[in-house]
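Heads up, the thing below is written out as structure tokens.
Read from first to last, the chains carry the letters A, B, C and D; within each, the first residue is number 1.
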Amino acid sequence: MIRVTVQREPIDVAAALAAVEADGAGAIASFTGLVRADDGVSILELEHYPGMTEAALTALAEGAAARWDLLDVTIVHRVGPMRPGERVVFVATAARHRGAALEACASLIDRLKTEAPFWKREVTTEGSRWVEARGGDEDAAARWR
Amino acid sequence: MAIEMLYFAWVREGVGRGSERVDPPADVATVADLLDWLAADSPAHAQAFGDRAKLRAAVDQAFVPLDAGIAGAREVAIFPPVTGG
Amino acid sequence: MIRVTVQREPIDVAAALAAVEADGAGAIASFTGLVRADDGVSILELEHYPGMTEAALTALAEGAAARWDLLDVTIVHRVGPMRPGERVVFVATAARHRGAALEACASLIDRLKTEAPFWKREVTTEGSRWVEARGGDEDAAARWR
Amino acid sequence: MAIEMLYFAWVREGVGRGSERVDPPADVATVADLLDWLAADSPAHAQAFGDRAKLRAAVDQAFVPLDAGIAGAREVAIFPPVTGG
């Protein structure tokens, strides 16, 4: 099953994982991205492109499900303001065997970083700034295409 | 035909709005043409669109290069490289 | 922090993940292995080598933490009898960036399969049998050495 | 010196016990020697140790090949290839 959610509310990882586990797979891989506590950032704000974001994430999920024969793909991405330690993104993949689940999960978070329309702004004590895209992210995503 | 322009992140801040409806003349054929045309009359647009290497675009919610055509487009979005995840 | 647990009780993934998240990392990868529901197995029983198992898992965790500069490694492995859908193993890794967390997590589950003394027995309606080691597991583990 | 033998999985079932304390003579120098010595007097051991390719060993809780020496060993474990995770 493919589950894609873009939400302002905090991400409930336990509930998301429980839903994936209920589908009877043998292997579940997950990735959680959090606002790091050690960067002097007091607020991280995520902007997105409503409509296109959900479509882009769904396309990534469907592509991974077909390529790795997955039982489940879950992508939950938070938008709006969030604090250090809070979850920004959660990806989970379920398959019969571990290799498929692990690879698909890594691929999804790599591609999500360059192929879904989100933009991050960091607020620090010195002000706020838009986060610049990293060249390494493009390289990471290109591995899977 | 009218096009719904959408702006995100610092492009939105630079243009001063998140969206606007525009009706470009027929010789505006590509996304880049559209940026030139919008910049011609507005210093805010001109500044926001100043460094094309830092701009990305989507036409009808699909990523495209700036030299992509806009024939028949209903929605064109301009934004910096994405930084989600 | 390194957390290694071998237990007969069900694995509480939410609690394990919450402990990892509390350490302030930006990226957490996890893997959960479950008793598959589709193999005709009514009970999976895990035997282990008390003492050596914990030492082997701790050595794997310490090796990964050093190689990938991880903030956290959590390994929880269940032993004793368990039913389809129940969790057999849970591995989580935390790092500043996703690449390290994802690679380390994949490496740990691959190496755990060949380098920690556990033995699986499957009980079906036809009787019970010891699970044979898979050659593919040895190949997967060898990638990381 | 006495050695604590440990058996796991089908080796344990074949031998009929999970552990035993043994005191091999001095010419029993390797794990393989130990298996031969144990098998010589016991059909159960002989049967459990019959296919050496399917046996793995640990000496004092470290995996070793069957030709590893056992000088000074306090604990020797014999078991099938591991299947955890």
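As a convention for this text, a contact is a pair of C-beta atoms (placed from the backbone, for glycine too) under 8 Å apart; a residue touches a chain by one contact, two chains touch by 3 or more.
Because the structure is predicted, anything quoted here is derived from the model rather than measured.
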So the centre of each chain is just the mean of its C-alpha atoms; given that, what is the distance between chain B and chain C in Å? 49
Cα centre of chain C to Cα centre of chain D, whole Å, reads 26
Quick check: how many Å separate the C-alpha centres of chain A and chain C? 23
So which bits of chain A are touching at least two other chains? 33, 98, 109
What positions in chain D touch 2 or more of the other chains? 85
Think of each chain as a node with edges to the chains it touches; is that a line, ring, star, complete or other? line
Show me, using the given definition of touch, all chain pairs that touch one another. A-B, A-C, C-D
Please name which positions on chain D make contact with chain C in the complex. 6, 8-10, 12, 58, 61, 63, 77, 79-85
The answer for chain C against chain D in the complex is residues 33, 46-49, 51-52, 55, 77, 88-89, 109, 112-121, 130-133
Inside the complex, what are the residues of chain C that reach chain A? 13-14, 17, 21-22, 24-38, 84-85, 87, 96, 98-99, 101-102, 105-106, 109-110, 140
